[in-house]
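Provided herewith is a single structure, encoded as structure tokens, for subsequent inquiry.
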Amino acid sequence: MTDKLINKNDLSKLINDGDTLLVGGFGLSGTPFTLIDVLATLGKKNLTVVSNNLGEKDKGLGILLHKGCLKKAIGSYFTSNRDAVYEWSKGNLEIELVPQGTLAERIRCGGAGIAGFYTKTAAGTKLAEGKEEREFDGETHVFERAIKGDVSLIKAWKADTLGNLIYDHTGRNFNPVMATASKIVIAEVDEIVEVGELSPYEITTPHVYVDYLVLSDYKKIGGKYVVPGS
Amino acid sequence: MTDKLINKNDLSKLINDGDTLLVGGFGLSGTPFTLIDVLATLGKKNLTVVSNNLGEKDKGLGILLHKGCLKKAIGSYFTSNRDAVYEWSKGNLEIELVPQGTLAERIRCGGAGIAGFYTKTAAGTKLAEGKEEREFDGETHVFERAIKGDVSLIKAWKADTLGNLIYDHTGRNFNPVMATASKIVIAEVDEIVEVGELSPYEITTPHVYVDYLVLSDYKKIGGKYVVPGS
Amino acid sequence: MLSQEARIKIAKRVAEELSDGDIVNLGVGIPTLIPDYLGDKKVHLQSENGLLGMGPTPDEKDINMDLISASKHPISMEPGASLFDSSDSFVMIRGGHIDVAVMGALQVDQYGEIANWAIPGKNILGVGGAMDLVAGAKKIIIASMHQAKDGTPKLVEKLTFPTSGNGRANILVTEHAVFKFSDQGTELVEQLSDLSLEQLKEITGAPFTYQGALV
Amino acid sequence: MLSQEARIKIAKRVAEELSDGDIVNLGVGIPTLIPDYLGDKKVHLQSENGLLGMGPTPDEKDINMDLISASKHPISMEPGASLFDSSDSFVMIRGGHIDVAVMGALQVDQYGEIANWAIPGKNILGVGGAMDLVAGAKKIIIASMHQAKDGTPKLVEKLTFPTSGNGRANILVTEHAVFKFSDQGTELVEQLSDLSLEQLKEITGAPFTYQGALV
């Protein structure tokens, strides 16, 4: 039906040791659970993950952490996963803490051909230490570099067969910017529809950004994602 | 029906001599014709207009030029209006020429609290003369500052009574970024609908950005905007 | 006063500071209680994970875990709500389009500088959108218990916890008082408990004025 | 050869360079003729004013002047088309997501550097999206008559017109030939007219190689 649709197990050919992965989701919403499940079985090492948070304990990206696949995590909020805090305190995980808006903008720049930008956010704080600061209009700004990934793992609601994507409510979050900022973009979706079924006004991620589609193993029951087979 | 709706003649109280105006539109699509018509009657002086182009001869922003309201124009393409070229050559109009993508991004930054950014676009060209250049990843980038306006004059298709906006096809163009980047934002719209009639997925400019709504005098007949009364 | 009672008192008082039509971002903790005390006032709640027009917790049957708040709880949408991605959400926040951000704090200094993300000596692993809001919101209201759990005051002369940025709080509402901040320092504008001025001074870590005079 | 005939010949030859599924941005002039010569090939046309999936000129009754191309002509949408604003459009262009940009040029140098926006001594008042495309497109094809109207060659050793940026063209297609550019210079890869190599050299302003040897 679409040449972008691949089997989830093809992930093994697309991700390499040492890759930087941009992974969508805020909390557990808009998170590519199936792709993360598969990735956790592949035994990849030294991955850097860019994601708002590292899931929760043994949920979402928490699984990768548990399996020892991660070298570094870049995100805004790791406190929701005690394991992340623990591994960091043991020196097993590098963490780069970035304000949430700066994180979103850095990824957007990565996809937009913009090398970096100046923001007031975090100026004068510990998170600006070691970064260039500069005055504009009498206020201190911090220089932030773009973030690019090797592979983006994102989660959408529906794709059409061309690869156009729409997202379910706030499941959108970081997914659209991450779709622009990696060499390879893999979208886990709940459903694939025919071209023309998504309105040109609704399409949030145009197909140009999407390389591969994987159907999600998770079904939503009573509004909550249910682990396959459970 | 909505306290954001004003009479077009209220424009006189909102725009001052010397203001910087961000004006939506690409060619004559997504252009706030009614607002420009009213503005042309107000006798304002020394306005700076930021817009992709200056309309066409005596159309759109071309009218303001003709009336001698403009001190300066910032945009990407003025060649479509011979009058602009003529007034510039006579020293009556300052022009700042900006690549189209850089223009859109500078305005977005103005609305996003970002002071400036580095882009590869225009590096090494005449348009980068006098601007800071810097190497990132082995390539030369140009530093570009944000653009902010005093008043944005934009054109949308439908508003709801809260001020949420949707745009007609490619009439969107610069309007959404301009909606974020001025102290006062006035949207000319074809139609105002009840809250709830626009889908949360369709709304392109959330109401937070819109201060005032003005109903358009222009009706589209056979797909073309027709001058009122003609 | 029981803690929950105090928290509700703070939420009610902050609600009075909000105006019809305000675009408001509510942080975790006490701020999340505010919507219950708005009465007829209609404010527009922004959630930094990508929604303007956040509505109340839905009935169990209407829960969709892809429609959640920044605190990751299921929510609903008000009529006129709109959805956007994280980068657009922070255009709204960083760009100065949020009328009021209500947030908790670990400390606030006498000029309104905020520390609300990290405690020295503890792991610094979460910041979320706090610094973006501090940098971008037009008005910042701190909604906080007057003292930390260990009894130390939240309002201090000089921050000892790491700052959240150069943005300043405008107002601090605690269970005992409402303070306003300016370049001149802290002003007590309203007492909310039966503590005497002397008693209030006792449990406050920064000098403040009241009716023009230093307390 | 009549000018329009030559233009069509160029458009046809450029069409051969495009592949099924390519994301393509077409500049003004000759590039706008290309869609007519794609045959069964299905490419996705991007229009920098905010559309991916541009379709052909609509019937008179379906014209909507808010659905136009970057050349400001009425267009239609292909199934699967999407709409976006100018900033998102240039995320696509500047960010390297356009497979092929086909554009005209005033001059191209022997390494593919492009001059396509300004003539010295004339008013410099329009640039549009040209520099963004030069900086961002993965592949750039120049579709141009071999010589300017005054007979001067378009392919030159060194630009005398202002450069459009550091991005380089990959291919130049004229009515006489197809050239490829690399750091080594220009290579003639195909002749499209019955000019001899000597005659071609005559009307070309830069050295080029053919089958490994300098012509």
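So that you can tell them apart, the chains are marked A, B, C and D in the order they are listed, and the count of residues begins at 1 in each.
Operating definition for what follows: contacts are C-beta pairs under 8 Å (C-beta built on N, C-alpha and C of every residue); 3 or more make two chains touch, one makes a residue touch a chain.
Note that the coordinates shown come from a computational prediction; the quantities given were computed from them, not determined experimentally.
Taking subunit C out in thought, with all other chains where they are, everything left is connected by touch in one piece.
The interface holding more C-beta pairs in contact, when B-C is weighed against B-D, is B-D. Averaged C-alpha coordinates put the centre of subunit A at 35 Å from the centre of subunit D. Centre-to-centre separation of subunit B and subunit D, using mean CA positions: 29 Å.
Centroids built from CA atoms put subunit B at 34 Å from subunit A. Of all residues in subunit A, those that touch two or more other chains are 105, 108, 112-114, 119-121, 169, 200-201. Contact of a single residue of subunit C with at least two other chains is seen at positions 77, 83-84, 90, 93-94, 135-136.
Taken together, the touching pairs give a contact graph of some other shape, not a line, ring, star or complete one.
Contacting chain pairs (ordered by label): A-B, A-C, A-D, B-C, B-D.
Contact residues of subunit A toward subunit B in the complex are 105, 109, 112-121, 134, 136-137, 141, 145, 166, 169, 200-202. The residues of subunit B lying in touch with subunit C in their complex are 108, 111-114, 160, 162, 164, 180, 195-196, 198, 200-201, 203, 206-209. Residue ranges of subunit D in contact with subunit B, taken from their complex: 47-51, 60-68, 70, 72, 74, 77, 83-87, 89-90, 93-94, 118, 123-132, 135-136, 162-167.
Interface residues of subunit A, counted against subunit C in their complex, comprise 26-30, 52, 76-80, 84-85, 88-89, 95, 97-105, 107-108, 119-127, 139-140, 157, 167-177, 204, 220, 222-225. Residue ranges of subunit C in contact with subunit B, taken from their complex: 23, 44, 46, 52-53, 77, 79-84, 90-98, 135-136.
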